[in-house]
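In what follows, structures are represented as structure tokens.
Here subunit A shows up in two complexes: once beside subunit B, once beside subunit C.
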Partner chain A sequence: MIVQMIWQSAAVVLGGLLLGLVYKGLDRKLAARMQGRIGPPLRQPFLDVRKLMVKENVVPRDAVPWLFHAAPILALVAAATVLLYLPLGGLAPVLTGRGDLILVLYLLAVPAVAMALGGFAAGTPFSAVGAQREIVMMMSYEFPLAVVVVGIVWRTATLGHSPAFSLAVVSGTPLWSLVGPLGVLGLALLLLCLLVVTPAELSKIPFDIPEAETEIAGGLLVEYSGVNLALFYLADALKTVAMGALVVALFIPYGLAGVFGLEGLVAGIVDVAFFLVKVFAVVFASVTVVRVAMARLKVDQVARGFWIPITTAALAGLVLLILDKAVVG
Partner chain B sequence: MILETFEGFWSPLVWTAVAVAVTLLALALRSRGRRDHKKGTEQTAPFLSGEAAPDGVHVGGQHLYWGFVEALRPYIERLRAAHTGFVVDYVTWLVVALAGIMLLVLLV
Partner chain C sequence: MEETRTTFEIPVGPVHPALKENIRFTFRVEGERILGVDVKPGFVHRGIEYMGMRRNLIQVLYLSERICGICSISHPIVLVQAVEQAAGIEVPPRAQYIRVIVSELERLHSHLLWAGVAAHELGFDTLLHLSWKVREAVMDILEELTGNRVDYAIPIYGGVRRDISPEQMPKVSEMIRYYRGLFEELSDTFLRDPSVEARTRNVGVLEPEEAHELLAVGPTARASGLRKDVRQDWPYLVYGDMDVRALTPEDHGLEVRGDVFDKIVVRLLEVAQSLDLIERCMEEMPDGEITSFPKLPALLAHLKKAEGEGIGRHEAPRGEVIHYVRLEAGQEGPSVWKVKAPTYSNLMPWVPMFEDQEIADIPIIAASIDPCMCCMDRVHVVRSGRPEEWTKQELLRRSWEKTRRLCG
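Our next item is the complex of A and B:
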């Protein structure tokens, strides 16, 4: 049992790394095509990591070295472990029964905290400003994200499914077909909010304020180089997959095997393949298209945007789900 | 060991074990990369877009705090306005908030 869990965990972490880098390659290629450019080859993220491994690992003279080195490892550890609690297609989470949605929310926040710590530990102006912006961003998007999760979990619990914070339970209870029209509207609002939170979680345009290359030259990552930067890069790849998988688990946990009446190994392969397509669709819709279509927002616009319109929309979704429960039961 | 509430659960030991394993993986990855750099040269100077960096240049705490205040100004202004210093005001806030929560609980 334990040996099987170890192998599964290793496969998910390494598979997540590969998949995250492939998604990064696809994201860059498709964004380039949308901008009328050829773009880099799909394997460019792999080449980037390889190149970073042979570059010098510079530590700024005013840095706190142990914290500066620890931050990328902390980010990678949190981003990798979160994948083990998420259902992957028709497969239950590797660590099913050993961690719930609350844990996933906390683990998703850790890479951002680690980046902020690394930025402060670098001890330079641009990195400190970037780190400060990262914390403001977290303060902005965490509340609507929590409202989305609570809304889904609460409605799942009212339908008699328990334990409601279990991802296996939530993904095994697709709400769209179990709620009435008000509930569908509420779910649509919550999905919209989560799709807006996704690029903020991943610090992508229009929420790339902590890095803001054209403004603060990379912000909290400006002093990172070599293998430390490669570790942050890999953590970002993993977190991209994790966010996509979370959206899929909460809102589109459907498989194809049941539709075509497939069973056994073939059913598993088809559902995992369909899951990968769904994760890519989420990343494409909420990251690639948005970052091509929009410019960077200012940090006060992000704070105001998440706290007022997005939180209001999420709360409205939650209220609609409550009304739906009152009407449908 | 699994810590459980009514609807949630997690096992800190399992997470710690997995975190240690991934840390070892990350350290193995780090050991494959270069570890050196040119200490005591311009390479380690803070990046300031080409400007000369004097010793000990950093953003002070009060400036970082100014950044937080500016980014969250509408929220902080409301908080400041709410902090009147009168205990009666604070107790009123508490009573109103509790009444709101109880109403919500009763409705749901």
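Our next item is the complex of A and C:
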């Protein structure tokens, strides 16, 4: 049992890494095309990682070495662990029954905390500024994210499914068809909020404030090089897949196999393939398109934006779901 | 402003992704807020004036083109003006028109280049790629007319080196039409994009009084509402006939605020203005000679005999550029050559612009004056291998001394 689980975990993590890098390649290529450029080849992220792996790993003089080295590992491990809790297409999460959505929320925050720690541990002005910004960003987007998750879970629970915080249960209960019109509106609002939180969680334009190449030269990553930087890069790739998979699990957990009446291995393959397409669609819509169409915002603008309009929208979605419960039952 | 424990210093430069050239800012910041800034230029001093004073005037012309890659017509145009004034050389009208056409083409490409850089500093790379893509049209025309994308080698003492042929005219008109058709789209993407507005409105404000007192020039001054433009105030070449007016955001129906947004507005307006000027020059350009000295040896001989001093002024894309030249009879090169680039005047306005802004605003404020460090770095004081700094008092004392010496 344990051995099988280890094998499954390894497969999921490796698959996630592969997929994350492919998504990164697609993201870069598509963004380039939208900007009127040719863009790098699809395998560029793989080449980048291979190159970073053989480069020198520089540690700044004023750094706290153990924390500086621990941060990228922590980020990668946390991002990998999230994947093990998420349902991947027709497959149940590898660690079903050992943790729930609350754990996933915490795990999603860990890579950001690790990056901030690494930034502070580097002990240089740019990385310190980047780390401060990362913390402010987290304080801004975590609350709307939590509201979204709580809204979904609560409505699932009121429909009599339990344990409600289990991702397998949530993704097994597509809410869209189970709630009334008010509920659909509420869900749409929550989905919108989650799509806005996604690029912030992944530190992509307009929310790439902690890294901000033209302002603070890469911010909390400025001192990282070689293997450490590669680990952060891989953690980012995994986190991209994880965020996409989370959105899919919460809002679009539909499969194709049932529609076509497929069974067995074919059904599994079709569902996993469809799942990958859905994750890619989410990443494309909330990361690639947004980062091509916007300028970088300032950290105070982001904080205000998340605290007031986005949080209000998320709470409004929650209230609509509550009203829907009162009307539909 | 008060110092607290949370105040720390952030160095930006001499090498930093936000800076396209080398300069050093030291910001005192508290959290994200900038309390003050110390600007230290002097990293790209190349001794151009010194080299120029040891070469003959024709070589100096080509050297002056290499002061700046973007203003590579502005510096030679000013230099020939100064030398023509010193040596009493007339310039045929057709040559004057050609000089104006090429310098307005340069303004066009320089402003589009700046728009791209500004968008990049804001993290808006799509706009960078768009601006630089449309900039190619004017680069192609510059290559068509001069043979080069940069360093056009067009002015020469007494005229220009290349004529514009009748076959080339339609190509230029084609380019003007292309940009006019694009203008709406460009101003829409820059001026009506909410994320651009969020990053540039009320950022890096330069009050009109400050701009006036600190002698800001070019779009930096005009964005603060000062109607200041060499082409309008001290017309030269054929600008006097063109009714050039210094443009401020008011001409776009906006209230002047002097922020980065206004600087974008002014530069966009100037793109349209340059198109009009080029079109008008093409229509009004008379036929005739393009230089009063077709043979270079005759020109060199004339310049060698010349004695006197001259000052040239020109409105470069970034503001007023001035060259001072003194010629002595029997000497092939200038005995004095002094270059003042627009960025030099726009350094001090940086200080009030940065005050009380955020770290995130540093790149766009730095870029908003369209700085060109290697044009500007003229002096670097080194004593026994160590750089030395002179204060305002020291500089004043030295200039008084020099004035007394000159007055005998």
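Just so we're on the same page, the second predicted complex is superposed on the first by the 329 of 329 C-alpha atoms of A that agree within 3 Å, B and C clash if a C-alpha of one lies under 4 Å from a C-alpha of the other, contacts with A are read in each partner's own complex, and residues count from 1 in each chain.
Going forward, a residue touches a chain if its C-beta (ideal position, glycine included) is under 8 Å from a C-beta of that chain, and two chains touch if they have at least 3 such contacts.
Quick caveat, the model's predicted, so the values are computed rather than measured.
In the superposition on chain A, A:162 makes contact with subunit B only, while subunit C stays out of contact range. Of the two partner chains, both subunit B and subunit C are touched by A:125.
When the shared chain is aligned, subunit C comes close enough to touch A:37, but subunit B does not. Legend: residue contacts after superposition of the two complexes on their common chain; A:62 is shown touching subunit B, with no touch to subunit C. In the superposed pair of complexes, A:217 makes contact with subunit B and with subunit C alike. Put simply, more of the residues of subunit A are touched by B, taking subunit B and subunit C as the two choices.
Once chain A of one complex is fitted onto chain A of the other, the partner contacts of A:299 extend to both subunit B and subunit C.
Overlap of the subunit B and subunit C interfaces on subunit A: residues 125-126, 129, 132-133, 217, 299-300. Listing the residues of subunit B that touch subunit A in their complex gives 2, 4, 6-11, 14-15, 18-19, 21-23, 25-27, 29-30, 32-38, 40, 43-49, 56-59, 64, 67-68, 70-75, 107-108.
The residues of subunit A lying in touch with subunit C in their complex are 34-37, 125-126, 129, 132-133, 205-206, 208-209, 212-217, 292-301. The touching residues of subunit A, counted against subunit B in their complex, run 6, 9, 13, 52-62, 72-73, 76-77, 80-81, 84, 95, 97-103, 123-126, 128-129, 132-133, 135-136, 139, 153, 157, 162-166, 217, 222-223, 225-228, 230-231, 234, 299-300, 303-304, 307, 322.
Those residues of subunit C that touch subunit A in the shared complex are 8-11, 16-18, 31-32, 119-127, 129-130, 133, 193, 195-196, 198-199, 358-363.
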